[in-house]
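Both of the next two complexes hold chain A, though its partner changes from chain B to chain C.
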Partner chain A sequence: MNGFWSKGSLARYGASRLATAVLVLVGSIALLCSLTLIVPGDPARILLGARATPELVETFRQQMGLNLPLYERVFVFFKHALQGDLGTDVISGRSVTDMVLAALPNTILLAVSAIGLAVLLGIPIGCYAAVRPGSLLDQVLAVFSVSLVATPSYVVAILLLYFFSVRLGWFPVLGAGEPGHVLDQLHHLILPTIALAVGWIGYIARLVRSSLLEVLSEPYIRTARAYGQPERRVVMKYALKLACIPTVAILGVGIGELMGGAVFVEVIFNRPGLGSLVFDAIRVRNYPVVQGCILIIVAIFVLANLLVDFAYAWLDPRVREALGRTRSGGGV
Partner chain B sequence: MTRDALVEIRSLSIDFATGRGAVHALRDVNLSVGRRRIVGLVGESGSGKSTLALALLGLLPENTSKVTGNIELEGKNLLALKPEQLEHLRGRRIAMIFQDPMTALNPVFTIGTQLVDAQRNRHPDLGRKELLSRAAAMLIRVGISDPETRLAAYPHQLSGGMRQRVMIAMALLCEPDVLIADEPTTALDVTIEAQIVDLIKDIQAEFSGSIIFVSHSLGLISELCDEVAVMYAGKVVESGPTRGLFAHPSHPYTQALLACEIDPDTEPGERLVTIKGGLPDLVDVPSGCIFADRCPARFEKCSQEPALREVAPGHDAACWLV
Partner chain C sequence: MDILRRIWRSPSGRIGLIATLLVVIGGLAAPLLATHMPNQIDVAARLSPPSATHWLGTDQLGRDLFSRGLYGTRVAVGVALAVTAIALVIGILLGVAAAYAPAPIERIILAVFDIISAYPTLILALALVAVLGPGLQNIIILVTIVFVPRFGRIARAQTLTIKEQPFLEAERALGASGGRIMLFHVLPNIVGPIVVLASMNIPVVITLEAGLSFLGVGIRPPLASWGSMLFDGFTYIGQSVWPVLVAGGMLTLATLGFTLFGEALRDAIDPKLRREP
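== the complex of A and B ==
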């Protein structure tokens, strides 16, 4: 019956997902390394400036591993990464692992609160609009969601910053708040979260609206109504669970976009985090830091998609069964 | 038909709005269902059988543009009820078995949850536990063994026949006064169909309500029903007690339907009987007899619309020839 949650099938599923994850990680780092070949300008020269001696440039190239062939660079990177060493920042000499670990919690906090806000607002708004198609809220949603989805998060971030921090002074302008001071950190978190979430609220609401409308016309919803079930239960229980499935799928894909948005938002609000770390590193061609950050961002993406798969299986018993079955390599 | 009818449908007409104009899906339909009677509704696809069934539940599609006439349940007009009053009747006094058990059950909830929620209107005071044990007992009654496992299962884990049994159990759990079965065997294969028909016959003996059995199969209707109403293009063209109607079909359409039933004596290679032509356009309903276009016995008078006339006691047909 509930084969998927059993130990064996879960382990098999986990193993195959892990294999995919490794492929994705290696692939993305290889791509990144090959980009250093394509992007014009020698990183070592850019870092050291025009007056650096050829000897100095050569030592620097060796430090960054740029003298090695591509496959070897990827290999060496992963060999060290497996030991917890993501390399050394060529400028400050600090460990990339430490830098990434320091930045990671800030980014995760921002991403999770943005997704949370988007889901908490998007789903109810979508439900309301689906139950009352053509209502004022539905029409407002139709107009706003399209414009909000089309507005990049950095534009929203700058506008929010200008109005609420600079003009009104309600929120702090920069930073992530004093470490250890929870309220201050929350205060600093509000505007970045809104900036990152705003497009998603409209997007999720639209998605929930359309899939809910579709589900509501299904025969099994008619069955529920034919048995006198109150409309509230029909919508919130019987229809919403199915309508959430496409929303969850989009969230999985959207994590990548969200991380991209987080980079801008962190840079604009000057929040320490993976986004601003990678942004600064790219600007000065600090490849070890870029590599380390990208590895972690890709890992987050892979992990988020794994969570989405589990959410999928939790919502839909048919998926649960299909996953359990394909991974055990058998038929029905 | 009986005087003290439980359900009395009087000159019911229903239109649907479409891009081409109003589809007159039901026109001036009269039907009465006596207590503890099984009334069959027969006709080809598009004749309005399912529309009639859905109208009884107040579940007409959103593009319904006009409803006139009366649907009375014990003298109370259902069409005049407010939505919440209608909701109160559903699953309590009227229950329905749907056509396709593959899509009529929600794929992401267990059979148990769905059977429990379906009873809530009927037994608002019972808790989930009691409702579940009622459901388990009913599953056994409709021929499903190992009910505990089935209650924990999801619809896709059951076969089509088993799902239809679940739908029947769901309807019976509500102990309705009127049970509507809308082509409950159409989506099933023949062996399963026979089992389901046997099940309905069994239930019928103990069931104290009335049944409206919708089907396109005359064979099934003759096996199960006390009375029959033959529908064609949104109208009842002939109605009466099953035995009399099958012995003396009076409307050419009923005669043609009977001729179409596959005769076991048909020789291989012999042509099956069909009714030539198709249903008339219900947007632009032709005047005169609705069946005239396809009728082998058509004559001048058919350009006027015939009313239902009594052929035998309780047996009416709408044809100029009777």
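== the complex of A and C ==
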């Protein structure tokens, strides 16, 4: 335990993971920039339309930094980004940083509540199924889970919107609710959260079921049973903790995919957020906004994966042990 | 045959096989099965519920939903197969090359994979649409880019595990060229798990393509695709829910079918691959 948290191993592990994360961030923006070079057609002209004067196109090219060579564009972008400046929206003239900061809380709220709901429902469903493998309940839950996984989030979102908002009128149709009005915002949050969470409920349920089944066949569980521990306690106290590790591991990917899914949900429920912001920017090819949003989304994704890696190392005694050994220089 | 029998034995495999067959046959036989031309407009009967003439109702232009849905199958499955096949070939080539290449080249290939995987799937697809523009051909190109690293990574990992095995060493000792070893000895040995991964990838591609088309940056109208049908239906949802039900239903049937089929195929070919659900 103290081996893992002592400075050496954690620092080295963290440093190498951080370096990779930074490289990936720079690389992802470089990829985006280089794509604009490869593809035929001038982004400025596409944005402005065919009737724009050459002078106007030139001004826009300069504003979007399209005249600079690739490495300089990436360098300038990151130099400004590190100072908190993600560029300027060429259409409205607003600061991209402000736009992103205004949108971000909505999306984070949505993603976190969706993940929360998925974990709250997915883990118990998975447990129920795993405790009675092969039973009717297990089979029903299996079909239920796979259906949840297979139904695209946007189909769920539209159907929820139709039945609960349009037909029944229980929930508001549009927006994120009045700012500062917590109950109203919660009311607006419920359907989008369900729509975004549905696939992950099924996914986590299946994951927990299969890893719990695996853990339950381990010798140390047999030992716990042999000591006469009640089954409930064996599952809840000894097995579930280890069985949740794969769930933690996929949450990193999950956050990223949720940022993607948020695009659909935000567009369908007309919620302001990072997803709808990047989508609107992409539709009109507003590159500075696209770049700024993508940087933030990729950064969140990379950060989430980083955190998950650390959580994983901390949760799994085997990984913890291995890292502790590298530090002390011993090892087998 | 044995594999098919094993798939048929499990209930979920059976459902998957039937749903997959329904979707594939529906797509292939669309011209025979369709009761109307997919783009035939009948404004008088717009947004009508199911009836004897329009089995599943009509959309906002009075186009027959059953027929459009069938033709949409062709787009969805066609794109999914094309993307998976191309990504499979490129991914295997890059993956095997990475396993055999000198360290600097291997690192470059892996870095590119890492960068591509650093994007959430949909966000990368949207970013690429921003650059390439929408349309059938571009959708195939950009979705392929999204999926190449998945195949590349597993191809590399598989190659590394068999690279040092005695039979390849023997082959090298006999004087076989690197290309010959990769093509005739490495490839057949790594292809199994990768094909399983490819089959499980199909529903993901279908969902992604339909999603992009739903957002209006995928397949362009009037070509019938489930995503754009869903978008049209969403626009007119206050007047009729049928377009959404038809497009969403067919889409879900296809993804569910391919998911169950892919999992049954995996279990039938190699249960050891079953690492995650």
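The rule is short, and it goes like this: the second predicted complex is superposed on the first by the 307 of 332 C-alpha atoms of A that agree within 3 Å, B and C clash if a C-alpha of one lies under 4 Å from a C-alpha of the other, contacts with A are read in each partner's own complex, and residues count from 1 in each chain.
We take it that contacts are C-beta pairs under 8 Å (C-beta built on N, C-alpha and C of every residue); 3 or more make two chains touch, one makes a residue touch a chain.
Since this is a predicted model, take the numbers as computed values, not measurements.
Peer 1: Based on the superposition on chain A, does the combination of chain B and chain C result in a clash or a fit?
Peer 2: In the arrangement built by aligning on chain A, the partners chain C and chain B fit side by side.
Peer 1: Going by the contact rule stated at the top, is it chain B or chain C that touches a larger number of residues on chain A?
Peer 2: C
Peer 1: Tell me which partner A:Val278 touches in the superposition: chain B (first), chain C (second), both or neither.
Peer 2: Second partner only, chain C.
Peer 1: Does the superposition put A:Gly260 against chain B (first), chain C (second), both, or neither?
Peer 2: A:Gly260 sits against chain C, while chain B stays out of touch.
Peer 1: In the superposed arrangement, does A:Leu101 touch chain B (first), chain C (second), both or neither?
Peer 2: A:Leu101: touches no partner chain.
Peer 1: Check the residue A:Ile190 against both partner chains and state whether it touches chain B (first), chain C (second), both, or neither.
Peer 2: After superposition on chain A, A:Ile190 lies in contact with neither partner.
Peer 1: May I ask you to decide whether A:Leu213 touches chain B, chain C, both, or neither, giving the answer as first, second, both or neither?
Peer 2: Once the two structures are laid over each other on A, A:Leu213 reaches no partner at all.
Peer 1: Applying the touch criterion given at the start, work out whether A:Val57 contacts chain B, chain C, both or neither, answering first, second, both or neither.
Peer 2: Touch partners of A:Val57: none, neither chain B nor chain C.
Peer 1: For A:Val166 in the superposed arrangement: first (chain B), second (chain C), both or neither?
Peer 2: second
Peer 1: Taking the superposition as given, does A:Leu32 touch the first partner, chain B, the second, chain C, both, or neither?
Peer 2: second
Peer 1: Could you state the shortest Cα distance, in Å, between chain B and chain C after the structures are superposed?
Peer 2: Minimum C-alpha separation, chain B to chain C: 15 Å.
Peer 1: Which residues form the common part of the chain A surface touched by chain B and by chain C?
Peer 2: After superposing on chain A, no chain A residue contacts both chain B and chain C.
Peer 1: What does chain A use to touch chain B in their complex?
Peer 2: Going through chain A, the ones touching chain B are 1, 218-231, 233, 237-238, 241-242, 315-318, 321.
Peer 1: Taking the touch rule as given, give the residues of chain A at its contact with chain C in the complex, in rising order.
Peer 2: That would be residues 20, 23-25, 27-28, 30-32, 35-36, 39, 139, 142-143, 145-147, 149-152, 154-155, 158-159, 161-162, 166, 203, 206-207, 209-210, 246, 250, 256-257, 259-261, 263-264, 267-268, 278-279, 281-283, 285, 287, 290, 294, 297-298, 301-302 of chain A.
Peer 1: Please give the residue numbers of chain B that touch chain A in the complex, ascending.
Peer 2: By the definition above, chain B touches chain A via 57, 59, 87-92, 95-96, 98, 100, 103-109, 117-118, 120-121, 149, 152-154, 156-157, 167, 170, 174.
Peer 1: Going by the contact rule at the top, pick out the chain C residues touching chain A in the complex.
Peer 2: The touching residues are 11-12, 111, 114-116, 118-123, 126-132, 203, 207, 210-211, 214-217, 230, 233-234, 237-238, 241, 244, 248, 251-252, 255-256, 259-260, 274, 276-277.
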